[in-house]
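Chain lettering (A, B and C) follows the sequence in which the chains are written, and residue indices restart at 1 in each chain.
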Amino acid sequence: MNFTLKIWRQKNANAKGSFQTYPLKDVSPEMSFLEMLDYLNNQLISQGKEPVTFEHDCREGICGSCGLYINGRPHGPQRSTTTCELHMRDFKDGETIVVEPWRSKAFPVIKDLIVDRSSFERIMHAGGFVNVNVGCAPESNSSPIGKLIADKVFDAAVCIGCGACVAACKNSSAMLYAAAKIAQYAMIPQGKVEAKERVDKMVKQMDTEGFGFCSNTYACEFDCPKGISTDFIALMNREFFSSKACKQKHA
Amino acid sequence: MIKLDSKIPEGPLAEKWSRYKAGLRLVNPANKKKIDIIVVGTGLAGAGAASALGELGYNVKVFCFQDSPRRAHSVAAQGGINAAKNYRNDNDSIYRLFHDMMKGGDYRAREANVYRAAEVSNDVIDHFTAMGVPFARDYGGSLDTRSFGGVQVSRTFYAKGQTGQQCLLGTYSSLNRQIAKGTVKMFPRRDMLDIVMVDGKARGVITRNLVSGELERHSAHAVVLATGGYGTVFYLSTLGLGSNASAAWSAYRKGAVFANPSFIQIHPTSIPVLNDYQCKLTLMSESLRNDGRVWVPKEKGDKRHANEIPEEGRDYYLERRYPAFGNLVPRDVASRAAKERCDAGYGVGDTGLSVYLDFKDAINKQGEKAIRDKYGNLFEMYEKITGINPYKQPMRIYPAGHYTMGGLWVDYNLMTTIPGLYAIGESNFSDHGANRLGASSLMQCSGDGYFILPNTISDYLSEDIRTGKISTDQPAFEEAEKQVADRIQKIMAVGGKETASSFHKQLGKIMWDHCGMRRDAEGLKKGMELLIQLEEEFWSNICVPGTDKELNQELEKALKVADFFEVGRLMCEDALQREESCGAHFREEHQTETGEAKRNDANFAFVAAWEYQGPAAKPKLHKEALEFKYVELKERSYK
Amino acid sequence: MALAGMFLMIFLIFHLATNLLMLAGDGGKAFSEAVTFLSESPLIKVMEYVLFAGFLIHILLGVILQLHNYRSRPVKYHTRLRSETSTFSRFMFHTGVIIFVFLVIHLINFFFIRLGWVPQPDYAAHKHDFYSVAVVLFKNPWYTAIYLVSFVFLGFHLKHAFQSSFQSLGLNHTKYTPAIKVIGTIYALGISVGFAIIPVYFLFFY
């Protein structure tokens, strides 16, 4: 297969970037999208040019490192698929493929296609945990959690932190990311204790980072490689309002 | 002169850990604030240790090469995590878990360590549950378990096919909690490139900031390596592409001995290589072998479509060779059997390097829905990668490098032979002997990080309460930084033609062919020669574009590959020395008449610990004899 | 945003109900009585202010949201967003602006007459005689067209708004949310068609 690649190149965070066009021949349909980029990089290096920098690690769709904005969609055209799981057979021969980094004020570009997602980290630091020390855990089966709830908690917990929700959102909002974590803990007894404080702090941090507001377009759910439901956003909203209503003074 | 002292405490097996713990020295809370600890790596072991140490009040600095600690490769573990909870009333116990691990490891692990790992496994599950890790539950709301290869009880806790992810995210949350509290400082996007030794003790690390390219000095009273295994030595493996041996290797170069490097697990069920540019193999969980049947055509080079080969034309070779365990034989056995068939010319697919894993019978018997419920996400993953629907035709699988049982030698305290340098999780040679049982790596990593290291490290640190801050302006830091800088300059200066990945690929092929699933003396020697040649070529023809003072992924790769030549050589050296077959280590010269592994307990019941003697010199072998008081050494038979 | 929007949606129902009285076929008697009653009721007087506040909050918040969201992505994508979303949800601001323009025209035509800001037209019997005003206006095909187009966009706006407001307030449920979505569509259709019938009736059948 042959492709024309139009890729965003940017030397570093302060440099001005631009699109570069690379024709690429003899691509195997069996290649994953990232292997295709490896193949391109190999050619660039042999031509004495700088390879395209992109983030990746596990290449099996679970670490959340990779994230490219491909032809107008985060992680490309396939649903429930990360960039590393995307294959070239999903594209048309001869197609022009435009590859961009995630775009958001809270995700500044570091180099080429790599963005700084530390804003996600700070949202987690604000409260994405249960306050429990090593050694003070009760026996696991002492607080049963029904299977249906447990399954729902799992559905929220599968977030891989890739940032596709922000990339897909026209408002570049991080609601789905924050909601997944808040919902995971709000639904179980371990996390309920401090649920109100948690939602308050995490939402505040999210707003500080410069993410946009949610306008319920649900693009995040469609483009989430793990298919996390926007129902969790509603749950977060509910938690948020009830936290505000309680007016507890948080430490 | 290094003398191995495993510091295994006296006393009955079941009481060793609790008695030993009671006698360990402590650091009082006020003094903990004066003590710095560096943790490298943020997988289950590293992030667990860092958060536990942070909770205790130490100042912890944590490093990882990813942009976030949540991306460490523990995230990719699928199947589950073992614990001896006996929730099933199937007569499980700490002793039974211990025994299974000893047997599964083909009697090449330390009894005391393995028992301790089994002992803390229950605390690990409780802690994860308390942190909100969503383990699978049954309708009554209690935790559910499933069975795994090589054992007769159901003790594996799981979260669908993403147990590693859920455990890691739980651990990540506890790390975040400490970061928020200020006890832990996180340094992402850093490669650890060297250990700094002051007066014979590990006192710091040199890291490279992967964004700016600057070298940084970090000091501490103790350094903990939680940097995982070296399975990427095969290039194609189930590991993350960033996984590497460099951190552990820098410790080895500074005098930490390296144990059992040749013990490397090849996982039998990975998706085979599909194209020449592939750099990663994706695992299909071991649990699939519960319902899938493994087969190859009876006729050599049968090119018919799998669905067109009738029942009588199929050779279910695992069921044929191992009627007692059938498709559920342990990983090492299943891998070797697959290789044997493919080498004999019965392999399927374009390359002839794969076998079928067929669910036809299971689907006919249980219905497609039942299979979808059990393995839905794995089937989907398979279809995504290969474009083939495994409900309609069999999966193709082939073994792939997966887990390294070998690693830095540690004593009972998890300290390496360098004082103040600890190794936890997969990076130590640990508790798995010559072969790891499924679902015991998450267990061991979390146990090491949360429950063992935080106790043992205080014993060492109690001597450091008067030391005060360690200055990074000392000559030792300067020198270590200079060495790292020189190495980087040396690589940058070569200006050759070939990329790091290309070298890595060649290296992987040498290792796979000569030090893979089946080894022999001649091949191992040949492998070592080839490695030396390739290393020479590397240093004269490596091409690293760009500069070292920027984000440069090619440089990162080259630095990692440069270390792998030595890793590979040591693996061959160790495999050559071990004149027996045990667990994952199979020597052609040592097999039974039916082609099974033949152990030599009289001469090889020891841990082979290698001491670095310089870049070209042959490393020195130290032997730690293994004593077995609580298990009887038997032949592992699955027939 | 959602609360103000919900309030406005309730107002629309009352507004529509009143307007439909125009079609009673009694020469606008019932309608005029209703208008007079409403204009003089003290409760409605108070509600008028609340309604204005509702519009103001909804519009202001909408503008603030849009500005903030625009700034959250300082460097735009080269390729147009192709993520699957309902088309209406993406253009809430745009449809909102159109509705706002309509609102201004609408107020000039009717409400401002009552307030005396706009001189009372000759054909109106008194400042509450919206019926006559409406009849004259809707006889003009241009006016009818503007109204109809606006109602179409109002429908688009409401289609998303209805269920979105529930989502924003966290009022979702596995069972009821699908129902809310259906009701939302019916509501949006009902309001826009309901309002549209009136000018069409006056243009063609009166």
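One rule holds for everything that comes next: a residue touches a chain if its C-beta (ideal position, glycine included) is under 8 Å from a C-beta of that chain, and two chains touch if they have at least 3 such contacts.
This one's a predicted model, so the numbers in the text were calculated from it and none came from an experiment.
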| item | value |
| --- | --- |
| By mean Cα position, the chain sitting nearest the middle | A |
| Most remote chain, CA-based centroid, reference being chain A | C |
| Rounded Å distance, chain A centre to chain B centre (Cα mean) | 27 |
| Whole-Å separation of chain centres (CA-atom averages), chain B against chain C | 64 |
| CA centroid of chain A to CA centroid of chain C, Å | 38 |
| Junction residues of chain C, two or more chains touched | none |
| Chain C residues touching chain A - in the complex, by the definition given at the top | 65, 68-69, 71-86, 89-90, 92, 160, 164, 166-172, 174, 177 |
| Chain A - residues contacting chain B, complex | 11-12, 28, 30-32, 35-36, 38-39, 42, 45-46, 48-51, 53, 55-65, 78, 80-81, 85, 87, 89, 110-111, 114, 116-118, 120-121, 124-141, 144-147, 150, 153-154, 157-158, 160-161, 184-185, 188, 190-191 |
| Contact footprint of chain C on chain A as seen in their complex | 6, 8, 19, 69, 71-74, 98, 100, 103-106, 109, 168, 170-173, 210-219, 222-223, 230-231, 233-241 |
| Interface residues, chain B side, partner chain A - complex | 51-52, 55, 66-68, 70-71, 73, 75-76, 85, 87, 123, 125-127, 129-132, 134-143, 159-160, 162, 165-166, 169, 172-174, 176-177, 179-180, 186, 188, 211, 240-242, 274-280, 282-283, 380-381, 384-385, 387, 450-451, 454, 497, 499, 501-502, 543, 545-546, 550-551, 553-554 |
